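Residue numbering begins at 1 within each chain, and the chains themselves are lettered A, B, C and D in the order written.
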Amino acid sequence: MAGEIREGDYVLLYLDERRSYMVRVERDKVLHTHKGFVKVGDLIGREFGVRVKSSMGVEFIAFRPGVRDYVYKSTRGTQIIYPKDIALIILLGGIQPGSHVVEAGTGVGALTTALASYVKPNGRVYSYEVRSDFLEIARKNLERAGVLGYVELKNKDITQGIDESDVDAVVLDMATPWLVVPHAYKALKGSGSFISFSPTIDQVVKTVEELKANGFANIETIECFIRRIRVERGKTRPETLMTGHTGYMVFARKALKGVE
Amino acid sequence: MAGEIREGDYVLLYLDERRSYMVRVERDKVLHTHKGFVKVGDLIGREFGVRVKSSMGVEFIAFRPGVRDYVYKSTRGTQIIYPKDIALIILLGGIQPGSHVVEAGTGVGALTTALASYVKPNGRVYSYEVRSDFLEIARKNLERAGVLGYVELKNKDITQGIDESDVDAVVLDMATPWLVVPHAYKALKGSGSFISFSPTIDQVVKTVEELKANGFANIETIECFIRRIRVERGKTRPETLMTGHTGYMVFARKALKGVE
Amino acid sequence: MAGEIREGDYVLLYLDERRSYMVRVERDKVLHTHKGFVKVGDLIGREFGVRVKSSMGVEFIAFRPGVRDYVYKSTRGTQIIYPKDIALIILLGGIQPGSHVVEAGTGVGALTTALASYVKPNGRVYSYEVRSDFLEIARKNLERAGVLGYVELKNKDITQGIDESDVDAVVLDMATPWLVVPHAYKALKGSGSFISFSPTIDQVVKTVEELKANGFANIETIECFIRRIRVERGKTRPETLMTGHTGYMVFARKALKGVE
Amino acid sequence: MAGEIREGDYVLLYLDERRSYMVRVERDKVLHTHKGFVKVGDLIGREFGVRVKSSMGVEFIAFRPGVRDYVYKSTRGTQIIYPKDIALIILLGGIQPGSHVVEAGTGVGALTTALASYVKPNGRVYSYEVRSDFLEIARKNLERAGVLGYVELKNKDITQGIDESDVDAVVLDMATPWLVVPHAYKALKGSGSFISFSPTIDQVVKTVEELKANGFANIETIECFIRRIRVERGKTRPETLMTGHTGYMVFARKALKGVE
């Protein structure tokens, strides 16, 4: 049955909003937390969503990890791009099951994981990264998330060119996206999507100028805020702290040059 | 070749940020706009992304419509749920290629179109709607977007129960989501996602209370703002007007009852 | 008694959230609106806050105008700076009753009205404007708001220099605030406030660079959003449309040069 | 000369954006910081804005504290209401030099300090607080800010009634503002302002209902966000963390009952 936890699966042991643990299920594994230990092996044969108690009697829930969880857990300590931004990149960028997508830089594979999860089973992600140490981490993260098979990791500098052609989208999360614009134009099929994520407004300005100069159209720049709400009858209010900025997203579509 | 426009395809004739036209390509079709007419039939055999001139010499670009475009065009005049919210529902709700998703209400099929586009080719959307006139519009919108084959449209009241079981997600965009919570719990597989979109805070409070009472965990309520930036060297600034509210999104996961 | 409406007073005839009329009370005056006419002269001797009916039986309320109302009514059609921004400029800029403030450009006097209202009765606003036609409008707006006596209107180009010295604050709402920074430094007393309001990020960058180069410290740039909430039991929700951008505000304080 | 630091003055010893110290200047006083000590007595006779070095050679600037600084320093550890909200309360609430304002609860006097700073020299603040220990702290904070003379501190429960009448504004920052609405109506002069600040939406709903039931008009509820921008050529971007919620502000004006 689809919902049963098997040896080798990953589970998200959820304690509360702020604390959860991604663990591979192995027969004799024990997870040690400040709330006591959890016998992970005992989860085998249970259904995802099961509640278990730690040695200290504290309840954990064994959720099946989703894309968002794999993304979060990939980026421990290096998080720049957030699930909210990834969601917009994918949907507003028109990336779908079956899409062929070029991405750079891979980093630790957070965005790559999400892209692969949404182009599968027939699409493919070609992910460029100059740092081979990052590629190794990314490979592990992709494998854990079960999507390595949909990704080609490339230890190459994308500012020197893109090997692929006729791709549906080029997605950039790197310091100098404007240097990739002419390569992206060549690699994209007509009407294909260019998407770039950048923390500073200066990167955005340079990228948009380059897009205009290179035949892209429908250029649009946005930023996205998420506000969390504490919901409790009689006490409902937004949370005090919020992430005020992650980065700007630039979207554009390849228009052919010359008018027919 | 994948990028060639064929008879029967839909194209998005893009004029500028605010104006674009979704048209089915037919041999003798002509699109009349206030900027002159465009011979749509002449697009046959061209590549998506091609620039064409109207009879008044104004340039249009023939983009291939994406999920977002189909969503926008579905909701002419009834728009409640926006692509930004849909993107978050899908990614944060863990909906993926292969997912089985129950949705209500179908409305004109905007959210349905997006859900179907991301569960394909192996997943399925079961979409409930009490109003049969809406279902007819939804059917046409889904057909146009090429995803009707992944959807089962159901002329039923979801507050009376859900036929499906072991589904990955239940997504609600309706006036009384709290009435569906117990049915959603039964229909979901363990660790499955409940997602509800509501314009008012009162709907959110009722829904969250019902989720807590029915064994859901990891309950989270958010709202999302998008701000568009006008990018132009020396004049870059956010746009003056912005959508300040569409709705709140509530996410939760099914935890099993009882502790093992 | 303080609350009685007298001939010559201004009243704000309030119809609803979107429609209100600023009128000078005169014995035989009649205000014509699309909801019928109101005999303004009949207000004489009534208390502010009184409800009156128009000839069509529609209720209006005769409020006493506040700073905010004078600001709104000044800027009909040219509004750039909003009450929310003015409020922050005054409080975060440390402007108080008794402050001496240099301002540019006057424009139609919206910000000038507010500054004068808060430096009175012992402070003074020196307001620079190159366009004499604007100064005439500003003079009328200030007179209507009853604060002309606290303002010196100057038909001068502030980028050429500031006549005053030892002022508490310099407030700029003009296209090239960075050109005024050295003059502002000279005009301010030690620890005095520099405040500039600009719609584009490029203006902000130039201004901040100039502030750093000219001995200012505690430099801070902010933007402010206001969201309006529709409050009604069972239907409470933020308003759909919102102003997403008016301008950035830069605050700085004059630090003396050289370290003692 | 106005800008000279004298014995007994308060100075804000500013280190950087996050760290500053409010100190009373006394002849032999020394301020000890983790960046070394500063001889505060040496500031006597210097001009506000002077830069001084600590024993470790680190530069501090001796700014003259403004309203905002007094507010910040009052609320160490109990901060609920922020300068941004106070600024809007004052300007949108129509509070001005000369206004008579009733306030509750006093708390540690943060909002009181600001109100007093803007009604002076001819206005007055009547501030209600049930906890006498808070009143003692408030008294010290008001004295330090030099505005105690404009405030009457009242150890009374405002939900039992308001002693004053014909006041220009009633400002509430307390748990149950709706209980004060009828008293506020009686205390206000016609057209006077009711303003209430509340963290939760439930408080807002109750207050607005009570305002509608008690003859108030022009009722408006807002929330305010401030986003800080890091400005540096080539690297300009909003700050990552932001305060996502402090509280909602409800504004209303007293309309007289009955239509004339």
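Descriptive notes on the structure:
Throughout what follows, a contact is a pair of C-beta atoms (placed from the backbone, for glycine too) under 8 Å apart; a residue touches a chain by one contact, two chains touch by 3 or more.
Bear in mind that the values here come from a model prediction, so they are computed numbers and not experimental data.
Listed candidates were C-D, A-B or B-C; the one reproducing the A-D interface, defined as more than half of contact pairs identical by residue number, is B-C. Annotation: 46 Å between the Cα-based centres of chain A and chain C.
Chain C and chain D have Cα centroids separated by 20 Å. Counting only residues that touch two or more partner chains, chain A has 201, 227-228, 233, 236.
Taken pairwise by the contact criterion, the protein chains form one closed cycle in which every chain touches exactly two others. Within the complex, the chain B residues that touch chain C are 199-202, 227-228, 233-246.
Remark: chain A residues 2-3, 14, 17, 46-53, 59, 61-64, 66-68, 83-84, 86-88, 90-94, 96-98, 114, 117-118, 120-122, 166, 189-193, 201, 204-205, 208-209, 217-233, 236, 248, 250, 253-260 touch chain B in the complex.
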